[in-house]
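Questions regarding the structure given below will be posed in turn.
Note that the chains take the letters A, B, C and D in the order they are written out, and that residue 1 is the start of every chain.
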Amino acid sequence: MRIGVFICHCGSNIAGTVDCAKVAAIARTYPDVVYADDPMYTCAEPGQAAIEAAIHEHKLDGVVVASCSPRMHEPTFRRTVERAGLNRYMLEMANIREHVSWIGKDMEANTNKAAELVQLAVEKLRNNKPLMAKSFDVNKRVLVIGGGVAGIQAALDCADGGVPVVLVEREATIGGKMAKLDKTFPTVDCSACILGPKMVDVAQHSNITLYAYSEVEDISGYVGNFTVKIRKRSTYVDWSLCTGCGACTEKCPAKKTPDAFNELTGTTTAITIAFPQAIPKKAVINPQFCRQLLKGKCGVCAKVCPTGAIKYDMEDEIITEEVGSIVAATGYDLMDWTVYKEYGGGTYPDVITSLQYERLLSASGPTGGHVKRPSDGREPKNIVFVQCVGSRDKSVGRPYCSGFCCMYTAKQAILTKDHIPDSKSFVFYMDIRAPGKMYDEFTRRAMEEYGTEYIRGRVSQIYPDANGQMTVMGVDTLLGQPVEIKADLVVLAVGVEASKGSPQLAEKLRISYDSYGFFMESHVKLKPVETNTAGVYLAGVCQGVKDIPASVAQGSAAAAKVLALFSKDKLESDPQIAQVDIRRCVNCGKCIRCCPFGAIKEVEIRGEGKAQVIETVCQGCGLCTSTCPQGAIQLSHATDNQILAEVNALCQC
Amino acid sequence: MTIFALPCEGTLDMARVNQDLGRYTKIDGVTYDEAGVTITADGKDHRFCMTDYAQGKCYGCTTPSAVLADTLLGQPVKVDGAAGTPPELALLDSMSLDERLAFWRGQMDRCLRCYACRNACPMCVCRDYCVSDSRDPHWMTQEDSAKEKLFFQTIHAMHLAGRCTGCGECQRACPVGIPIMALRQQIARAVAQLFDGYQPGLNPDEVPPLLGYEVVEKNIHERDWK
Amino acid sequence: MRGTGNEHHPLVTPDGLPAFLAYLSQNGRRVLVPVEKPANKRSVVFEPWQEGKPFTMEKATVPAKEAVLPQCETLVRYKKTKDPDNIERVTMSLDDKPEAQPTVVFACRPCDARGYVVLDRPYLKGPYADPYYKARREQLTVVTLTCGSGCNTCFCHWVGGGPTSPEGSDVLMTEIEGGYVLQAITPRGEELLAASTLAEGAELFPKAEAARKQAWASLTPAPNIKDAPEKVAARFTDTQFWQDQTDRCLSCGACTYFCPTCYCFTITDEGEGLSEKGGRRLRSWDNCMSSLFTREASGHNPRMLKALRMRNRVSHKYSTYPENWGAFSCSGCGRCISNCPVCLDIRAIVLAAIDDGNDDKKSTDK
Amino acid sequence: MPVLNGKELRIVGFLCNWCSYGGADTAGVARATQPTDLRVIRVPCSGRIDPLFIVKALLNGADGVLVSGCHPRDCHYAAGNFYARRRLEVLKQFLPVLGIDERRFEYTWVSASEGQRWQQVVTVFTDRIHKLGPAPQLDDPEPLLKIADMALTSLRSLGTGQKAALAELKEAIKAKLPELDCVIGWQQGYDAAHTVPLFMKTPEDVDKLVWGPFNVNNPAVYLPTFKGKKVGIVVKGCDSRSVVELLQET
């Protein structure tokens, strides 16, 4: 081999504590090194040009660059050597900046260490082989999981971009949490009025196939070619016939059915349509309360249905869809706030969640938009809002901030004043977090224009008294004195957590999730939309708490990623993947058991079972390589011999 | 596959039997009694009582009857108590780290790399493709240093981690009597301690511990770096 | 054969042995003596003798082959150096001097000694003499202890040797009551004894001869296997036969690595000429029972089956080697039997091979 | 390159590319001063690290080996570090039996953002290795030979199994033999005190079957060679565990 070594000064970043010229001199003594130099800035245009020139002049077939971290400039120098006609994998880097010059002052030790790191790189390189990427077709369809505002945005943007979209929503209607909101901050405009049109667009868009009341059962395949199994849960109503006229819901005798859409603030019928603007506007029977399904006698809805859409014997259906990319937008749920026994733990009817309060405020809610408290239907005069219930609270395992509670609490305080002019609102808060456009101004309006009283402190206890009022005990940490407020209604700003079933979905998607169930992005700052599974993107709160504008933005961002991915007709697979030496493979199956991506399958070759790597699925972790006892499966670019060469370079006594 | 089994009452440690038989030209015969055998060699009788001359593994054996069999004849054997530390491991336990190094140095010196240990091992599935003599991957050289020989024993032990059932064939097969079982026994002890007393070879449906994982490991704890 | 009648026959008493060994180890001679390793399995190996180091007169578990054919030896050491002015100019220095030192093998058995004779033929008497082997062999003196009896796996007398065979030895020692009577077999042996200060024991030599006769008498009569070469060769195409003989073989290398007459090796290069250690070309034992022995670069392997590999081993020892050199390449030490994890018995295989049904040669091991 | 005499010891690090290597970079960017001994080998995932790399390093002169990967649950490859955790922990507990101080090997988790933690880890570990000093080498000490004490007491009564139902067993095997290619057992070897594996194909073979304290061989070793064939096997208790383990893996 003919290796060229380039020891970068990085100005004084490296040269300051490493004798680069000496390192280059030592490098010249290494095997196969035929050229070594120590340029000022290797990554700069002249530096790269020098590398290309040296490759031509000295007929190099491998290059070692000793400079900053490969995580920084490996792609740069791979392109450099490629321009000069070398395979991009015939480059190795020695990190002598982050790992040497920046962490030690001792010139002698640093120089010696740098020289050794260069030696490692040379020894590794001597075992490198050119690797070629393979290309494969892309199925230009996208699956969006979750029909909340983030999912809707992603679906619409993709669809507008000409990409067929499969939208899967767990509930009977899309719209997610936003559809339950009365108004939105900081503009106090009607949630339904701004979300509604988008929902209708989804229903009407020729590029969007919507599966409501459905869930993702299984996902296999890889970027460009996923196969998705979708479970269409039984609605007992043939939606192809249902017109959403609502005749059934009027006549249904099971009127005591808890109303999930209204956050259980009211009741509905066993057969129901979630809300007037529901998309799809179709009826669904709740089998736990339908008399026909429970006792086998009733059948009223079937009688009244003008189109004969009721099908009591309907069963779940599994549908298979082929897509090339997936956007996860599964949103959130409220944490179980009943753990707060000091707040009644859900036993006091007049201590409710903020989302329930939204329904009380909403014209389409159970009270028709008139704020009545659940216990006796009286209009509350004193309303206490308690923030950070299940946020920033280690004691209940929720150390993070839910982000938008400060804002909607201010909004709800303002709306309360609008609904009940002679009412008085109190807000217990820890800190007010209003970092958005017009946000802080908004909270100030709540205090200054609407006279909401903000008390900085946590509520220690809430208990009912004889005359049906709640006593809220807390402390004003600014005045440093305890406060006690009589409230007709207490609204808890309950913190959010990843929606139920997120971990299970993450495992189907083969992406990772944090200890609260939020999906992990590729890079917390620089890749907030990507995941570590190629072709799978994130939108909305499923990745971390955010408000509506941020969710919509990420929905569009995810769509942009999908469209960018689909802008190519073929994808290139990373050649740094495992390869099986079928002569050595004894088909013991250990690699197949371990592979986190299901990327290894057993095939029969001339009557013998052998392991085979599915190139497009393999992510290149190398777990199989360290699992295979006979070393028959080797991870390209990190083979046993390559790593052993490095170990031997360091340990040779 | 069909498995036939009889309850086992123990097998002889032929290494020690031969030690005590000494030099003889031929075995005239063997007579059995309840507790042992009498080997007649060159007309001389030598009595070997099972309790004194069984293989090391037999003393701590908790599965005298097959754990899985299609035809299992005879009565199951009663076993009291759990196995203690096997003899080879107990020997190593009694030494300091430096002594252990010196011990392996002394033992490995006489290894001829005949690989009887490997080929007698029922769990060595690589067979003709062992990394011990491949160039790609190139884990080992052909040098006859104690280091290379001990490294091979480590390869074997690690490849058997969580799989070795302690049948002891590796050590029995070793023509120069190197107590290599100790290495497998140490791993077996670690595996049992880490994975709730897991013992290989008791349940065909179990996943070998090193081919699986728990998100939260009960017995593995992150160290602090204070 | 020399060495009968009224010649110089020194006597070594058991407590005189250390002094004698000290004498043998004079002028830089390495004296390899059998040493019993503490282990639950009897394990006797040859090690350089040192003052005060315990040794044994027992038959060794391993043959004394390492004295001339080490398990692994460095044939060539090479170091590379780069010309600082033109790093593309690399010069290399070679060192291929055989590592050899005057050696005495002490108290090996006649089967070990005959092993050297078997090794000598291919390594010295063929078209090329192996310089490494030659260097060690020429400096080797073999002091053999004759056997007082055979043991259960011994069959030296089947293959032209015997418990007292002098073949390959420079000196024969025979144990008698109160000591060992020495007998020089070769001029080299004579020199060695001449210079020693041992007490004369010629008058005891008849006792020694009696002991030798006694040793022969203790053996069970050997079957006649003189026509083994043809008979074994005739089995060459009879794969079924070899399969029946080897179904239990584990394909390990115990039989060959513990054999005093097996001499196959493999050559590998290790290290890097430019590193401190430099590069090394190694010659190490190889064994025909391993499938790697004949696996070709393409992956093709003419001896995939262990049966074919066993056929090779037995045929080589009892058919092809005799064809080439007129003697079996087996000294009947029985180590391949006693060290085999599954007690494969080459005696049984040979007898089965030559037993074509119409004669009465029956295996002696059943 | 020789280790800087007096100054440094040989410490090898294996870092996963995504978390710990990034963490080391972060430490560098923050100019977090660290001891200079460590030499980092970059691997894609802690799951890629074959414990044998570590043993090889320690046997060949490394004074310490440090492995670091992504925190559990954060693995770039979803589960690589979960497997690594088990294997590395087993290795750590294995090393002492070789005579290698387990403190010379450590593994931990450092994320790409934890530059400070990385500095802490490197400093503490390097300090630990310097306290331990240069690692003793296998070739250094005088050989020490000791014998295991075989005076043991058994968990059950040992015997020669002469009452075992051998005759019935033979009948059972003969009954099954027609549908099997071969049944593996034991027969007498070259004398009455040695038995060897027996491969029964005919009823006459079955008559050769013996049972007793000389049946030392583990017949399970032959099973892989019968892959795909209909084979029977006679087992002792311990042999049956090998069979079970083999079943686990097929």
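Assume contacts are C-beta pairs under 8 Å (C-beta built on N, C-alpha and C of every residue); 3 or more make two chains touch, one makes a residue touch a chain.
Since we're looking at a predicted model, the values are computed, not measured.
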Exercise. State the pair of chains with the top count of C-beta pairs in contact.
Key: B-D
Quiz item: Between chain A and chain B, what is the gap in Å from one C-alpha centre to the other?
Solution: 50
Quiz prompt | chain B and chain D: spacing of chain centres that average the CA atoms, whole Å | solution = 13
Exercise. Report, in whole Å, the distance between the mean C-alpha point of chain C and the mean C-alpha point of chain D.
Key: 35
Self-check item: Geometric centre distance via CA averages, chain D-chain A, whole Å
Solution: 39
Quiz item: If you look at chain B, which of its residues touch at least two other chains?
Solution: 13, 16, 26-27, 119-120, 125, 127, 139, 169, 172, 179, 207
Quiz item: Tell me, which residues of chain C touch at least two other chains?
Solution: 37, 39-40, 152, 250, 276, 341
Quiz prompt | Sites on chain A at which at least two other chains make contact | solution = 583, 588, 590, 594, 627, 640, 644, 652
Quiz item: Can the chain contact pattern be summarised as a line, a ring, a star, a complete graph, or none of these (other)?
Solution: complete
Quiz prompt | Touch list for chain A against partner chain B, complex | solution = 581, 583-584, 586, 588, 590, 593-594, 627, 629-632, 634, 639-641, 644
Quiz prompt | Of all residues in chain D, those that touch chain C in their complex | solution = 2, 145-148, 150, 189-191, 194, 196-197, 199, 217, 221-222
Practice problem: Quick one: which bits of chain D touch chain B in the complex? Just the residue numbers, please. | Solution: 51-52, 55-56, 59-60, 72-73, 79, 82-83, 85-87, 89-91, 93-94, 96-101, 106, 108-109, 117, 120-121, 124, 136, 138-162, 164-166, 168-169, 172-173, 176, 180, 183, 185, 191-194, 211-218, 220-221, 223-224, 230-249
Quiz prompt | Complex contact set, residues of chain B against chain A | solution = 125-127, 129-131, 134, 136-139, 159, 207, 211-212
Practice problem: Within their complex, state which residues of chain A touch chain D. | Solution: 26, 69-72, 95, 97-100, 102-106, 108-110, 112-113, 115-117, 119-120, 510-515, 520, 524, 532, 576, 588-590, 594, 596-597, 619-623, 625-627, 635, 638, 640, 643-644, 646-648, 650-653
